[in-house]
Every structure is written in C-alpha cells, then in structure tokens.
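Before I ask anything, here is the structure I am working with.
In this document, chain identifiers A, B, C and D correspond to the written order of the chains, with residue numbering beginning at 1 in each.
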Amino acid sequence: MYSAKLMDHFTNPRNVGEIADADGVGMEGNPTCGDAMKLFIKVQDNVITEAKFQTFGCGAAIAVSSMITEMAKGKTLEEALAITKESVADALDGMPPQKMHCSNLGADALRKAIEDYRSRRA
Amino acid sequence: MSIKYFDHIAANPLLPEVLDAMMPYFKEQYGNPMSMYDLGMNAKQAIETAREQVARLINAKPSEIIFTSSAAESNNFALKGMALARQEIGRHIIISKAEHHSVLNTARSLEKQGFVATYVPVDKYGMVDPDAVKKSITKETTVISVIHASSEVGTIEPIKEIAAIAKAHKIAFHTDAVATAGNIPVDVKDLGVDAMSLTAHQFYGPKGAAAMYLKTGQRILPLIYGGIQEGGRRAGTENVPAIVGMGKAAELAEAGLSGRMAHVRQLRDRLTEGILKIPKVHATGHPEQRLPGLASFVVEYIEGEGMLLLLLAKGIYAASGSACTSKALKASPVLVSMGVPTSMAHGSIVFSLGIGNTQEGVDSCIEEFPLIVKRLRDMSPFAKEGWGAMEAEGGNKEGA
Amino acid sequence: MSIKYFDHIAANPLLPEVLDAMMPYFKEQYGNPMSMYDLGMNAKQAIETAREQVARLINAKPSEIIFTSSAAESNNFALKGMALARQEIGRHIIISKAEHHSVLNTARSLEKQGFVATYVPVDKYGMVDPDAVKKSITKETTVISVIHASSEVGTIEPIKEIAAIAKAHKIAFHTDAVATAGNIPVDVKDLGVDAMSLTAHQFYGPKGAAAMYLKTGQRILPLIYGGIQEGGRRAGTENVPAIVGMGKAAELAEAGLSGRMAHVRQLRDRLTEGILKIPKVHATGHPEQRLPGLASFVVEYIEGEGMLLLLLAKGIYAASGSACTSKALKASPVLVSMGVPTSMAHGSIVFSLGIGNTQEGVDSCIEEFPLIVKRLRDMSPFAKEGWGAMEAEGGNKEGA
Amino acid sequence: MYSAKLMDHFTNPRNVGEIADADGVGMEGNPTCGDAMKLFIKVQDNVITEAKFQTFGCGAAIAVSSMITEMAKGKTLEEALAITKESVADALDGMPPQKMHCSNLGADALRKAIEDYRSRRA
C-alpha cells in the first residue's frame, strides 16, 4: 500500500517534536477528521533553519509531516511556499489516492507556519 | 518472527481437517448436484450432509438451512426477501445502529424503493434496548433485524427479548449471527428468531460458503432466481467443496465450542488486563455481554492505522474501526452511534482471538503495545495537553 | 470400466494447475483482501491478477470485471440491476425464449414488480431473429438480454447484430455467455455488449466463481449491498481461492482455446455422424452456428431418462432436456419454443464434450447408443406404428 | 435415486411386448406427458394368466410396468383391481415422490385392461 520511502518516514520520522521558541507555528486539520498537524519553524535571514512537527493521524500523515520538515529546512520562505501536496507525495515515492486527499496536510501547515512567522514580524 | 494473528474477525485460517474434507470435491467428485448420476448424487449427498451439520450447530432443521455465497448475501436475502414477501402488509422495517454494512445498506436500498426504515440507536455499550425496538413498531412494520453480536465492539445483543417482541407483533425477525455462530452457543429455537445469517469463514471454514436459516413456514422472495437449487429459494450451481467445508467446520465448531471459548476468553481477559494498564485507553462494548474472543479499545490521542502498522512491524495483526483503516474512509458507525467522539473513534483498536493464539503471543502483544502507543503519542499534538491542545492555540477547528 | 464423461455442460473437472494455483489461498494466504497488512494485500493482489486474466479472456478491461458467486447471480445482477437503474426511463425488458432459468425467472420476477417483459421466440434451430428483437422495442425498453449460446441445443445467437440494434436504440444489452466464454472466442468489444455473464466451471475452473462484465460507464444497482468489495458493486468477503482459480482457468482457456476447440469439434462431428445413423433420430439446434463441443438430439418414441440410465450402465455420462430428467419436471423450454413436439422433446439427449474426452470414448458411445435405443424402442408402444399408435386404439389423449 | 429393485425391473423388465390375442388391453398416459403405457392381459376363469406391456417413459415408468405385470399374473380380477399405485411402489422398495405422481400409471392401465376385458364379454 505504502512505498518503502513513505514507510521509512513513518517508522523513523525526522524532526518530531516542538520548538519551544519557534518563529512560526502552523496548524492544520483537527482530530475529528482523523488528521491534525502542528508544524514549528525557526527562520533566519528568510531561510528556514529548523522545522519540527507534531502529528495525530495515519501513517501517511506522519510520513508527510516528516518529509515536509526535511524539505523545508534550508529553503527560503518563497521556496518553501512553493512546496505542494504533490511534491511532498512525489518525494515519498507516491501515496495512495485516497490519502492524498485527507492525510496530506503538510504543505498547508507549512504555509500557515510561514504566515504566522510573517504576521509576528508585521 | 512468528505471526501473532489477532484479526480472526476479518478472516480465519482454514482448519486442515476442513480442507481435507473439501478436497475430493475439487478432484474426482466434480459432478453437478443436479445431475441424476452417481457423480451428481454424491455431490448432492455431500451437500445434504453439510446441511445437517450446519443445522445442528444452531439447532435448526436441515430443511431450514439455505446455502449462500457470503454473509452479505444472506443478509441481503433475508432483509429484502422477507420485506418484499410482506409488502402487502406494510413497508416499514426496523434495524439497529449496530448493523453491518450488508444489513444497513440493504435497508437503505429498500428505502429507495419506498420502504420506511427505522434505525434504533444503541447505548454507550453498543447495546440495543428492546423497549426502543418495541416503540418503533408501527402497523406497517414487517421485518426487524438486529445483529447478534457486533464484530467491532463485541457486544452481544438481547436477541431473545427482541425476537419475542417481534413475535408478539407478528413481525418477521432476522439476526446477523456472523460473529456468534460457531463461536458461542447459538440456538435458533431458544432465541426464537425467524431468520439468521451465518458464515463459514468465521469458524475456520472456507470463504465462499455461508448460510441463511429460515424457519419453516416463513415466507421469502429469492434474491437469486433461476433453477431449483436450495428448494428454489437460491439458484445457481452449488459451490460443493465450499459447502462441504462449511459443514465440516460446523461439526468441528459444535464439538469444540466450549474448549474454544475457554481458550479465547482466557487470552482475551489477559490481553484486556494488560492493555487497560495504559493510561487513557478505554475498553469498548459491553464488559460482560460480549464475544469471548474479542477485545476492543479506543486509545486516546493517536490514530488506528499508525498503531496497526507498528504492531505489524512486530508481527502482530489486529484491526481498527478508524476511518483511515477502513477502505471506505469512515469511522466505525457502531462506535459513533455509541457516542464515542469521532476524535477518539480514530484511536480504535480491535484484537480478535482465535484457536491458534497462544499466551506467549498475547504476552508479546501486551509488551509491545504500550511502547507503540508511547511512540505515537510522542508525536501527537494532543498527548500532553489533551484534545483541546490545538483549539487553545487557535487551530483550524474545521480542518482541511 | 472407464468413465466416458459427456456432460461438460453440467460440470467440469477442475484442471490440476487450477487447483494448484488455488491451494496457497486455502492455506497460508488466508487474509481478508480488505485488510491492510501483507496477508490481506496478497489476497487482494491475487484477486486483481485474476481480474486481469478473466478480462483478457473476453477482451475487457480489468475494471470491467465484477466477480460473483455463480452465473445465476451474474444473470440476476445484470438483468435486475440494469433494469432497476433505468426505471425512470422505462420499465420494459426483452429476453429470448432460449434463455436459462436464471434469466427467465429474473424477468418474471421483474414482471411481478410492474415491469413488462417481451419473450422473443426462436426458430426451429433455436435461433433468435434480430429483426424480431427490433420489432419488440418500445420507447419504454431499457434492457435486452439474449443468450450467447444455448447449452441445450448449442445454437450460437447473432449477438453482434442484436447488440447493434440495442445500441442504436440506447438500450442496455446483456448476454449470458456461460456456454461460450472459455469455450469459443468471446470478445466483448467485437460483440458490442454492455454486460455479460460467465462462469469458471464451464472452462475447467472451480464452482463458486463467476463474473459479470460491465462496460465502463454502464449504470447498475447492486444485487448484494454491503461493503466496498468489487468497487461497491458486489459486497461480501471475496472467495479468494475460487477467484484465483477462475483467473488461472481463464488464462489456460485463452492460451489453449483453438486446440481445445479443434479437439472437441472433431469428436463432436464423429459422434454426431455416428448417432444420426440411427433411424428417427434428429439433431437439434443450428447445424453450423453451434458450440463446437455440443451434440444434441431428439430420439423418437423413447424417453430421455431411460437412455441416460442405460448409458450410465456403460459408463457413459450425458444429459437430457426431458421433463423426467429435469428435477423441475419440465421439458426443456428451448426445445418447446423451437417447435419440437413435447412427445419428441422427451426423447432429448445431449452430449457435451470436453478436453478429457477421447476418440475411443466417442466410439464406444457410438457403439452402445444404438443398442440402447433399440432396447427402449422394443418396449415402446410407438416404435412400430409411430406416435399415433395409442390414439388409433383409443388411448386416453389427456393422460393421467 | 432409485432402489435396487426398481433398477432391476428397469434394466431387466419382465413381460415386455404385446399379446396378439389379448383378452383385454388397457392404455394410460400419453406421449405429451412423457409417460404412456399399454397393458395386455389374458384371462381364464376370472384369473389373469398372462400380462405384457409396452411403455414409453422414464426408468420408473418402465419398472412399474414390469412390476405390475408380475403382480397381476395369477390374481383374480378382483384381487388385481385392488392393486394401487402405493402397492406397486412398495413392491419396488419405494419410489421418489415426484415419480409417484407422473410415472406410476400401472394400476390405472391394469384397471382399464380389466374393464376392456369385461366390456368385451358384456
């Protein structure tokens, strides 16, 4: 069902946890839907230097969270905003279609974290 | 790594004796039971023996057993066939909210044909209140169907009481006994039911063989029209090997019932005790009126699929009523109608035990499962501060 | 005494390769195809492979194959499901008088629900006239079903022509291809049909596995409601081993088709020639447009069951469309609608050949059969003076 | 399906044929029904001395014909008239229920043969 890469990111998720002094926090989903994600970023000179997540959800949701934190790190905010559901799924070597819809919240959470960071600076 | 298979509700390994009994009908005994010659008569005889074996398992008469291809077929046949046969009397049916999709969606399809259906709720234990059934009865009611036991939460329903109410109102009563027949004592006479669905793969028989009990004299319209197989009530060339297997499995289930029950009950109690030591884990279903082999829980703050995947990595097979694990992507309707909040229903986990399970297997599950729960909770935004965590910080309540 | 089995239309022996392919799914691969773990995914994968194999046999797309438990189920599903899905458009269906009971009785059950059915006659060869179908069409017609080939007289119907007529009138067209699929080339695209029934046991696959081809985009209502198996179109835990067996049998049938056809045709021609040497024996069905493996006759002045019993005493297995040999005690409706007098229909005898038959077997049949006919005619009151014998002497025309 | 005795009477039927100078002939059934029987008797001093049959029909019909000719022989006409479908079936060690109805014409044919004999003498 899941690709080996997705399973790897699920079983050995990268960047799990909170960032106490995060520069931006994004939340997406809710427990009623079955998937909820909280994404923390640190930003320096317009570049994401650190990213962590907390996720409630299925294997795909956790793997997406792990992958997107990896993808975000080192990117400028503009580059990070260009990450889509599809690019995350591609990076995980694909995802079952029904999971694309409901468990692929990473890009949205990242966008919200960046918006949070920007609104704090505004 | 040895397999610890705790998903007997989904599928059961076939008993070797059952497969042995089936083999001749895959080989030399290939005749069509309708044929008048020896090859056909042997097949016919084998079916009639199986009919007796299945009848004995539920204390029915052989002539009251109709073989079908699946419990889903039996449920469709019973509900639709009895409702259509009685539509001159009325077009109202009653089912419970604990029913399997094959009953639920049949009721819905009858609604599309102009029938009215009442869905009787369940309490927090998943239990149907006979009084609520009684109150739903109208002059138009012709069929009531209530599941014997839920395969998701294990609750055994008060079928005898509900059947008596149906009888007093001259209403046909059907029960889906898929989770009970072959696993606990089931006696159609004692229960007082008019029709019952059961399937072989729930008691170590083959897939593709199931049955419907239909009490002598009960009217029904066929679901599958055609030849005169099964007394003209279910057409189609009989699946002889599978039927033979169902008969043999029924015979073995009947003979071994109390031993099997004691075995799985002891394992289930041990497993339940171990798992309930984990904080914020709740048993679902009725604490006493339940299937001996079924242990079901909701685990707060984490989701079922993740648990299943990490259990599998340890060779442990289980099931979940969470939306993500169901291919229909809907949380278990039974849990929802029991009043379990959807967020918690996503944390459903169900272990169903079988005759092949051992204490070592259960102990290994008791050992591994808390670690898995911890691991997933460590990732969860809710584990520390509870379900409110994301709201407090302004999380999007509606979600994506 | 070696068996000479000439009743392949009733049942076929399972090919050993097919049974071998099934065995793992009776043993270690017992998972439920809906389960997300390896055991389930392996079963699911096996079903999808079978779906491709069956699709290839009839030149369909795998997504157009729905597995069922029997051809009777497929026929009920197709006819009822397509008619009910279109009842807003109209409530008229057309079938032929050469249909199997599972189509005929489904049509009758639709009539009881307020549908109107037209039964198109057949000619003396059992052939349906496409023009007669065309003339039966009304504005209300939504479904037409005509059998691909009769398993009683062997006539292959002009399906392509009838399907084209249906298409021109935007009417859904179904064909019962039980006797043809796996036995002669069947191409759903070339035939232009919207739905087709086929079953594994007609091409050396297992009982309990059958399929319905449903063209992409064709609307249908399920016959069996429940879970989301078969794309939500047919609920019930899949009969994995039988489905795997059907796939394997389809693959072997496709690969061996021309060889198998040549084998049975040659035997059939030899048998037909031998049997037609007996006086007052008539071949039934179309002389050219017919199944290669089917030889069917009526033998004047004697009755089918007696022939079958005496053949059996010589180890020869055959079938008859006579009333006495049908468990429903009715003479073959196909013979009757072909205009064969009932008295002669009682003398029906059908030999259906298979890949296991040999020239020696056929020769032994050619040798024995005339003696059997003679023996029974020696007892018959009609043999000397013809069918009028008893009338002439004042016999009771109405009988007991 | 059939008893051994019935099968014996079907495969080795007794008294097949016509009696050219029969004293009585009885016919029952017709080919449209699938069963037709012609029964010939010779009578001497009110006793059936010979009985033969011709039958079109299934195995049961032929066995019934064979059995009833055996049963009739040596009986007085009154005794022969007391033979019933049931007693023929019993003598054949039973018969499938659906055959009782349609193939068990022997007693009726015998009765007609006796009536024919009596009417010729009247």
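The rule we apply is simple: a contact is a pair of C-beta atoms (placed from the backbone, for glycine too) under 8 Å apart; a residue touches a chain by one contact, two chains touch by 3 or more.
What you are looking at is a predicted structure, and each value in this text was computed from that prediction instead of being measured.
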Intersection of the contact lists for chain A and chain C: B
Centroid spacing, where centroids are CA-atom means, of chain B and chain C in whole angstrom: 35
Centre-to-centre distance between chain D and chain C (centres being mean Cα positions), rounded to whole Å: 39
Geometric centre distance via CA averages, chain D-chain B, whole Å: 58
Chain A and chain D, separation of their C-alpha mean positions in angstrom: 92
Where chain C touches two or more other chains, by residue: 36, 305, 325, 327
Junction residues of chain A, two or more chains touched: none
Pairwise chain contacts under the document criterion: A-B, B-C, C-D
In the complex with chain B, residue positions of chain A that touch it: 7, 10-11, 13, 16, 25, 27-38, 53-62, 98, 102-103, 105, 108
Chain A-touching residues of chain B, taken from the complex the two chains share: 301-306, 309-310, 313, 322-325, 327, 329, 331, 341-343, 346, 378-382, 387, 390, 393-400
Complex contact set, residues of chain C against chain B: 5, 7, 10-14, 19, 22, 26-27, 30-32, 34-40, 69-73, 75-76, 100-102, 105-106, 108-109, 199, 201, 206-208, 221-228, 235-242, 305, 308, 312, 317, 319, 325, 327-328
